[in-house]
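Structures incoming, each one as structure tokens.
Each of the next two complexes has chain A plus one other chain: chain B in the first, chain C in the second.
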Partner chain A sequence: MPAQELKLLFAGPMGAGKTTAIRTISDIAPVSTEAANIDKAQHGKAETTVGLDYGETLLEGGERLRLYGLPGQTRFEFMWKIVMKGALGMILLLDNSRDDPVAQMEIYLDAFEELARSSSMVIGVGRSAEGSTRIHDYTQKLQARGLCLPVFAVDVRKRDDVLLLLEALLQQIEAYETI
Partner chain B sequence: MFNSSPKEGTTYSLACLGLEGHVEASLKSLLGILRNKTSGSWQHSEDINSDVIVYNPASPLALAMLRRESKPKASGRAAHIFIPCSSEDPGADGLTLPLRADRLLHCLQVATVQLSAAMTTIGVSKHASLCERLDALMQTRDVIAVSITVGNKTGLINPTRQMIHWPRSLEADGIAQLIMEDVTLQPLFAADLEKLRHMEQEMHERMPWDAVMWAIGVSTSQARLLPRLDLRKSYKLKRWPDFGPIGRRSSDIKCTALLTHKSLTPPELAAATGFSEARISGFLNACALCGFLEEAQPMSRTNLANNHMNSETSIAGGMLQRIRKALALGAN
Partner chain C sequence: MKSSSVLNMLGSDYVATCEAALRTLMNDVPSITAAVVATADGFEVASVQAEGRMSATRLSALASSLLALGQAALRELSMTGSGSVLIENAMGKIMLVDVRREHLPVVLCVVADEMAMTGKVLWAAKQCASTLESRSS
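The block that comes next holds the complex of A and B.
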């Protein structure tokens, strides 16, 4: 693997919990660009991220793992490609209570295909008890696309759940590197 | 030793098929020399139904028997172990002429493990683990479903659809009950179709079986591999499982990540991860029960060793280790 910036991405539709996940593991108070949500059709929350969320985790030797939360609205898709460059991997968060979350997953699989194909992606499904979509449905769709990525039911307010996603991501990356 | 240990006093029989007289004599002699070095006790036999058949690959009878053995067994009966023996290299699973004690010892050890596990499941079913009993039933030809009863609840496992039917939502408590209490399993055949449909109608919850099968595999394997899994074969995973409420262990995540990217034998997986054989057995059994463990072409040991070393010492490996350390990942 070439030397690269230690950059980890959190992606997913609006309200999936990207900001919360970053806050859960960041060593600094996350920098957020929240604004009034004018897209209530996508999600009912009052405020949403319109730029990037940013957090950091300090590593041994002073290095930093930079945590970027991408804006969920697809109109910001132009930013996704820019931020993706040099990323170590991605945690894709989905909201199972939304309409057709599997289709939402596919939007991100298309946009970040390079990361998905190199096993640098892990998927966390929030509110898994709500809605009728099961974890099995996500993995089946992944299989149909020739992808083998971990999918976990998570609550990103819990640090252990965010760490679970991170651990799976690191194990994936390491296993992929040893092929 | 990987897999189940044979019960003390277990004696296995070994017969030769199509070998020349002097080779058979040499084999008998070596069995005597190795008497105290093998896990089980081994006896030479003339019986063609012996536990192990050492055969000449050029023997038509041996080949016919092999073909017969390779067919699925309706009864789930354990197959004989066949060991090829010839002057040309028969591969890692066979014996090369002239016979060598170390090679024979290796073959006997592998056979002991397989036979021991098979006897546990099939021959002494009351000692078989829940994982083994369930797998044996699901592997039995013509079984269309397995009814599973714990306490006053009865559910259905449908191997074709990989679904579980249960009277009510099966959460962590229900799964814990399944793996901790006495469970009764009963196979349903095509003749039971009406009964099956009736049972399905009575059960309100229908769910993918991953979480339940995973829990049964990792928790009830009693530290031994399923008889149908082979220490010498390489395995790969078709997909990640849904670990469900019980199986989110770091070891499972690490093993899954490895086996979704490369094929490894059980001993290679244990060596690559550093996890105990008991844990690896439970992991592989769970994958097998869930139905996404597939046999693959074996990978050379040299490649495996190099790859493992790379993951520990590469720049990427070092970086990942620093991230793990900072976040205290991989504690369990």
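The block that comes next holds the complex of A and C.
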């Protein structure tokens, strides 16, 4: 039995890398619910998550992280509400190469306001070298909303990058709990 | 509202085929009150209903998620092959059936009232799914 089990979420718009991030760090074969994507105007990828992703990873301290990936499209908002129950924190992934990624971030800040307000959220920006949005633009928007959440440029195909997000999230959660 | 991607990817002929198949299904089994065909990623392809209370757009998204979760559970237990999901309570039943088309898979969602017999609805839904599967347009 692990010392502690923590439920964490991966959210963000379609194609931001939620399924990939979970596959990158899961110790078990992840559960996935991908279906053929017909909405090529939204994103050109062949498949998209329609239910959830699930993976697990064991930390050195003995905590087991249960990782849940949410579908990105707002038409699956009902899944967000189901899966978010009992979640301790969230990694919000964004794609800097898309149109107005800051506005996309705001959709999730609104939908997961409680996690954002309790600092139980970190933000990972993918393809940060593409597009004209800078990391500073995200932090500025967060500050304008009275939020203090860390923003990292990441490549979720790299294990170290996903672990960095997880560590930052756990530190955020711990710091908030001790206030 | 049907997305333009649905028409582009599936074609208007297939949408018409789906609508006809759903009407036949509802005529054959009176306890079926609504039926929707959705793409596997949750867009409405066609829908019919006895009373205009249901949002086919929302039901399409729900149907694709629920069937995908059911299929994930089947895979987890190495139960290969196509699957279906039944949800029921005292007020009725919802049945989701996988329609494995070669080009683009779709999901059939059938809603039945409290009088419906599970076996009859399941049989009719599978017949309808088989029609949708065999037709390319």
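Everything that follows uses one rule, which is that the second predicted complex is superposed on the first by the 167 of 179 C-alpha atoms of A that agree within 3 Å, B and C clash if a C-alpha of one lies under 4 Å from a C-alpha of the other, contacts with A are read in each partner's own complex, and residues count from 1 in each chain.
Please note the rule applied: contacts are C-beta pairs under 8 Å (C-beta built on N, C-alpha and C of every residue); 3 or more make two chains touch, one makes a residue touch a chain.
Every value quoted in this text rests on a predicted model; they were computed, and no experiment measured them.
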What does the overlay on chain A give for chain B and chain C, a clash or a fit?
fit
Applying the touch criterion given at the start, work out whether A:76 contacts chain B, chain C, both or neither, answering first, second, both or neither.
second
For A:118, is the partner it touches chain B (first), chain C (second), both, or none of the two (neither)?
neither
When the two structures are overlaid on chain A, which partner does A:33 contact: first (chain B), second (chain C), both, or neither?
second
Residue contacts on chain A - larger count, chain B or chain C:
B
To make sure I follow: the centres are taken over C-alpha atoms, the vertex is chain A, the ends are chain B and chain C. What is that angle to the nearest 10 degrees?
170
Where does A:97 make contact in the superposed view: on chain B (first), on chain C (second), on both, or on neither?
neither
Of the partners chain B and chain C, which touch A:164 in the superposed model: first, second, both, neither?
first
So, A:52: does it touch chain B (first), chain C (second), both, or neither?
second
Taking every C-alpha pair between chain B and chain C in the superposed model, the minimum, in Å, is 24
Show which residues of chain C lie in contact with chain A when the two form their complex.
3, 5-6, 9-10, 39-43, 57-58, 61-62, 64-66, 68-69, 71-72, 76, 104-105
Using the touch definition up top, name the residues of chain B that touch chain A in the complex.
207-208, 210, 237-240, 242-243, 248, 250, 253-254, 256-258, 260-262, 307-308, 310-311, 314-317, 319-320, 322-330
Show me the residue ranges of chain A that touch chain C in the complex, using the header's touch definition.
31-41, 48, 50-52, 71, 73, 75-76, 78-79
Chain A contacts chain B in the complex at 1, 3, 6, 25, 57-61, 63, 65, 88, 119, 134-136, 139, 142-143, 148-153, 163-164, 166-168, 170-179
